[in-house]
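Below, each structure is written out as structure tokens.
The same subunit A turns up in both complexes below, where it pairs with subunit B and then with subunit C.
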Partner chain A sequence: MRVLRVAAVLVLVVVTAFPLYWMITTATRKDVFAVPSWWPDLGNLGGLVAGLGPMLGWLPNSAFVAFGTTLLSLMMAVLAAYALSRFRFKGRGVFGFALFATQMLPEALIVVPLYAIFLALGLLNQLSGLVLANTAFGMPVAVWILKSAMDRIPVEIEESARVDGCPRYAILPQIVLPLVMPSVAAAAVITFFEGWNEYLFASTFMVDKEKWPASKGLASYVGEFVTPLGTVMSAALIFTLPAIIFFLLVQRRIVSGLTSGAVKG
Partner chain B sequence: MTARRLPYLLIGGAAVYLALLTAAPLLTGLWLSVTDTQLLNPMGGVFIGFEHYVKLFGEPGFFRSLLVTLVYTAATVAASLLLGTLAAVLVNRSFPGRTAARTVLTMPWAVPTVAVALIFAWIYNNDSGVLNRLLGPARQGWLTDTDWALVSVTVASVWKVFPFVMLVALAALQSVPEELRESARVDGADRLNAFRDVVFPFLRPTLRVVALLMTIWSLRRFDIIWLLTQGGPVDATETVVIGVYRESFVNSDLGLSAAIGAVGLLISSLVTVAHFLLDRREDA
Partner chain C sequence: MPEIRFEAVTKSFGDTPVIRDFTAEVADEEFLVLLGPSGCGKSTMLRMIAGLTDVSSGTLEFDGVRVNDLEPKDRRIAFVFQSYALYPHMTVRANIAFPLLMARFRWYHHLPVMNRIMRHRFLKNQDIAGRVEDVAAMMELTDHLDRRPRTLSGGQRQRVAVARALVREPSMYLLDEPLSNLDAKLRTQMRAEIAALYQRVRKSFVYVTHDQVEAMTMGTRIIVLNDGVIQQYGTPKEIYDRPANTFVAAFIGSPPMNLIPRDGRLLGVRAEKVRLTDAEGGPRGTVAVVEQLGAETVVAFTLSGAKDLHYARMPGDVVFAPGTEVRVDLDLTAASWFDRETGRRLP
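So, the complex of A and B:
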């Protein structure tokens, strides 16, 4: 039984890690087509950063979109989640449904109407426009996670804080928010990824090459055979690393942050 | 400020936001679906009633794309639920190297989709891809053979999304009280039974929600499919959402594109309604 378990973990880990290993290995190899090998070329570790050139221009754009999406989503989500968790009000059900409904909406369906709206508002070809579009999909998930977390905080804590003289407006930022920080972290990662990864809006809205986020820049290598594959893989690696680092930093919090949402379902 | 107004102020930002950035484009999209709007003249569309819908339901190609969508969704959801739950159960116990194993298993979730597509396109590459090198004479056209393309796209998708199931399942597993599992072991229940009777009931509500999310996310997944195959070869991986994109940006037919999107949205809505009906029946 024990052996089976270890074997199962090993197989899963190897299969899961292989594509990442292959990306790194390929990035170090000079001619992947002529000289096949299972191992990275340790004499050519410079290959790892071969894709840095164009990425340097695109990564700041991705960072802007990702951080913008995270901030905007969290600001609205904290308030909305608190309202959903603590108040019974008319329209609560409709609002909750609308949040969920965004997750069913194919981006491909709204990309054209959104294009028209952005065109009218001068948001086309603007990174801030991408922030707005991505927030529409990231924010509802953040509300959901935060609401489930807030549901688990007893109202009595707020009441006793009130008795102790905490003003009403300070309850959310000073009492509730610190208690749901793991869930804020989980929501932050999810919305950050939404902004960092997003491809469809980026590819249709952004015209100027210097304004491309890395997702669109990297996608321009798809089906293109001029750039050496090692360079492409290096660019993919450079695009992936910040997301993985951010994820590892908050990894612990994600599990506990999702717990509250998970238990209630 | 009265307590009656407070909740509306709190949701105000999010509500207005969703109205402008999702509801308005959605309604515009639904309107487009009953017009003959073209990409090159987006304001010049004329109302034509349900012509596009009639056309769609008379086309075998459309039914094929519905089928491809359902197969892709069912396979992706089933595989990621299974793998994600299995991985969560495996790393929930302590063993040497557990943290490292958990970290590796969750990592694909953080890999941007465009990077996933590039990596898998390279792994699947016909002539020099590692998969075909490994298989030698049994090599396949993973992305170029109509029999394999959907499988290959599904595998890449599952690799990317199963860690999400694992993370959520792991969170749920940690809510299983230790005494409960202890008592199951003392009672001599064998492992599998103990899992089914003691642990699974804790996981079930979570897994059901994750299954719904995975389903509606898979129904509308665009980027990984488009970047790997663009719906091809022929129409082997042409899902509904790929069709929406193709009609808009390749064939410039915004009206038809919106009609396909509306049908896709209807399917997602039906799945969601079914989920909540099932939920209610089980709760009752």
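So, the complex of A and C:
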């Protein structure tokens, strides 16, 4: 039984890790048209670094867009989720449903009208404009993750806080937020990648080369006649690293069971 | 301190009335029990006293001051929830100290980083730390102060909830079925502890329960509720001896009061006033079930010509086989009479 389980895990690890591994070996190859080797060419690490110059300039742009999207989405999502979870108001169901509307249309369908709107508002070629666009797509998901987490918190805990003298505005940060932290972390990961990976809006809205996020920069390596595979792969490697680091930092918080012990059972 | 006055208090959720025309006055330092079957509105009533639920109409007064629109925190109350409602992310110490911290927090202390610093600082504060430890010692929680609620047993969580109520020295304690999640033995123990607590602090208590044993043993005043309407308000003894109607008669007492049709009215006789013998003559009955409880025996029987079960409380050494025919003697001193149609008590 144990052997089988280990074997199954190993297979999964190989399947998921291979592309990453292949990225590394390809990035260090001198001649991409030669028969591929299984091992990275350690003598060619310089080639990995070469041609990354512009990438280093684009990564901060990506970081700005990704962190901006995360912060803005979470701030709005926490408030919206709390309202959806706790308050009874007219149009609550419609509002909850309308949030999904953005998820139902493909982004490619919206890109033209959005372009027109951004043009009118002067948001084209602005990183903050990208943050807004990505938030529109990332936030609804965050709202629903947080709402379902808040639904699981017994209302008595909040009532108890009210009796204990906690003002209404402080109940969310003092009582509710600490209890849904795992879900906040999960929502943060999702919205972060929404901003980090986004390509369509970035490639349509951003004109100046120095304002490109890395996703668009990465694509620009692929030329019409030449695609320097080694450079593309090393750029892609650099592109994935910060995202992986962010995920590792946040995932420690994604543990459940924090609310147990609040009420009976 | 507070004398509670309810004047025609009503509560409806939408079109559904939950409390109807609730009028009563409760003197200070009483242990008032709101007693009734589930769904009778007793918890809603308690939540209205706490300010967690709005009063639809009518007036609620503490010491002659209308409190209808007062926030819970301004009513000087403490509330113990059925589910305890501890803060899972805080230690027992922080849970107990929470009301004290909130009393000192200004609005800017609630800001993200600020509140961590201030919470830490206030927890170290001599006055607060001292009060928390005093209360913890009183509730025998000293060894658990740095644990989280989820690592505590049900009884310990219940104690934390009571400690959190005690620490702010409120003038009124509101308890919503605090013992219903505990097992039978622990319940008896906590019942004694709460009664002792009442004797020690001598403040107003309002206690909600559906368990008439809790009501009879702890309460100094009982309000029996059914369908949102007060059935009777009185001392435990009054309610037991002189039930205002057949609902109270049947709800209070274990076994309930025997209601026997006689002369166009209903005769109410407590089980201990019924004597079954195997003598000849007199009114006859048939034994249906015998429950031997050790110190006493409860015999369920039917009267000849009727199907309703009645109960007799007899000494523990009395033995009847089910199916035996017996003579039924009723002691009619202090018996109650009820109107057959309305169920009301007849004077």
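The definition used in the following text is that the second predicted complex is superposed on the first by the 237 of 265 C-alpha atoms of A that agree within 3 Å, B and C clash if a C-alpha of one lies under 4 Å from a C-alpha of the other, contacts with A are read in each partner's own complex, and residues count from 1 in each chain.
Quick note on the criterion: a residue touches a chain if its C-beta (ideal position, glycine included) is under 8 Å from a C-beta of that chain, and two chains touch if they have at least 3 such contacts.
Nothing here was measured: the structure is a model prediction, and the numbers come from that model.
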Open item on the list: Just checking: does A:53 make contact with subunit B only, subunit C only, both, or neither of them? Give me first, second, both or neither.
Closed with: neither
- [ ] Could you say whether A:162 touches subunit B, subunit C, both of them, or neither, answering first, second, both or neither?
- [x] second
TODO: Answer with first, second, both or neither: which of subunit B and subunit C does A:112 touch in the superposed model?
DONE: first
Open item on the list: Between subunit B and subunit C, whom does A:174 touch in the aligned arrangement: first, second, both, or neither?
Closed with: second
- [ ] For A:154, select first, second, both or neither according to whether it touches subunit B, subunit C, the two together, or no partner.
- [x] second
- [ ] On the superposed three-chain arrangement, identify whether subunit B or subunit C touches more subunit A residues.
- [x] B
Task: Residues of subunit A that lie at the interface with subunit B and also at the interface with subunit C - done: 258-259, 261-264
TODO: Sort out for me which residues of subunit B touch subunit A in the complex.
DONE: 4, 6-8, 10-11, 13-15, 17-18, 20-26, 28-29, 32, 39, 42, 83, 86-87, 90-91, 93, 95, 101, 103-123, 127-128, 130, 133, 159, 163, 167-172, 174-175, 191, 205-206, 208-209, 213, 216-217, 219-220, 222-223, 227, 240-241, 244-245, 248-249, 254, 257-258, 261-262, 264-265, 268-269, 272
Task: subunit A residues within the subunit C interface of the complex - done: 154, 156-157, 159-167, 169-170, 173-175, 178-179, 258-264
Task: Interface residues, subunit A side, partner subunit B - complex - done: 1, 5-6, 8-9, 12-13, 16-17, 19-20, 22-23, 26, 32-33, 36, 75-77, 79-80, 82-84, 86-87, 89, 91-92, 95, 98-114, 116-117, 132-133, 135-136, 139-140, 143, 193, 196-197, 199-200, 204, 214-215, 218-219, 221-222, 229, 232-233, 236-237, 239-240, 243-244, 246-248, 251, 254-256, 258-259, 261-265
Task: Parts of subunit C lying in touch with subunit A, wherever the complex brings them together - done: 50, 52, 71-73, 77-79, 81-89, 98-99, 102-103, 105, 107, 110, 112, 115, 148-152, 154, 157, 164, 168, 181
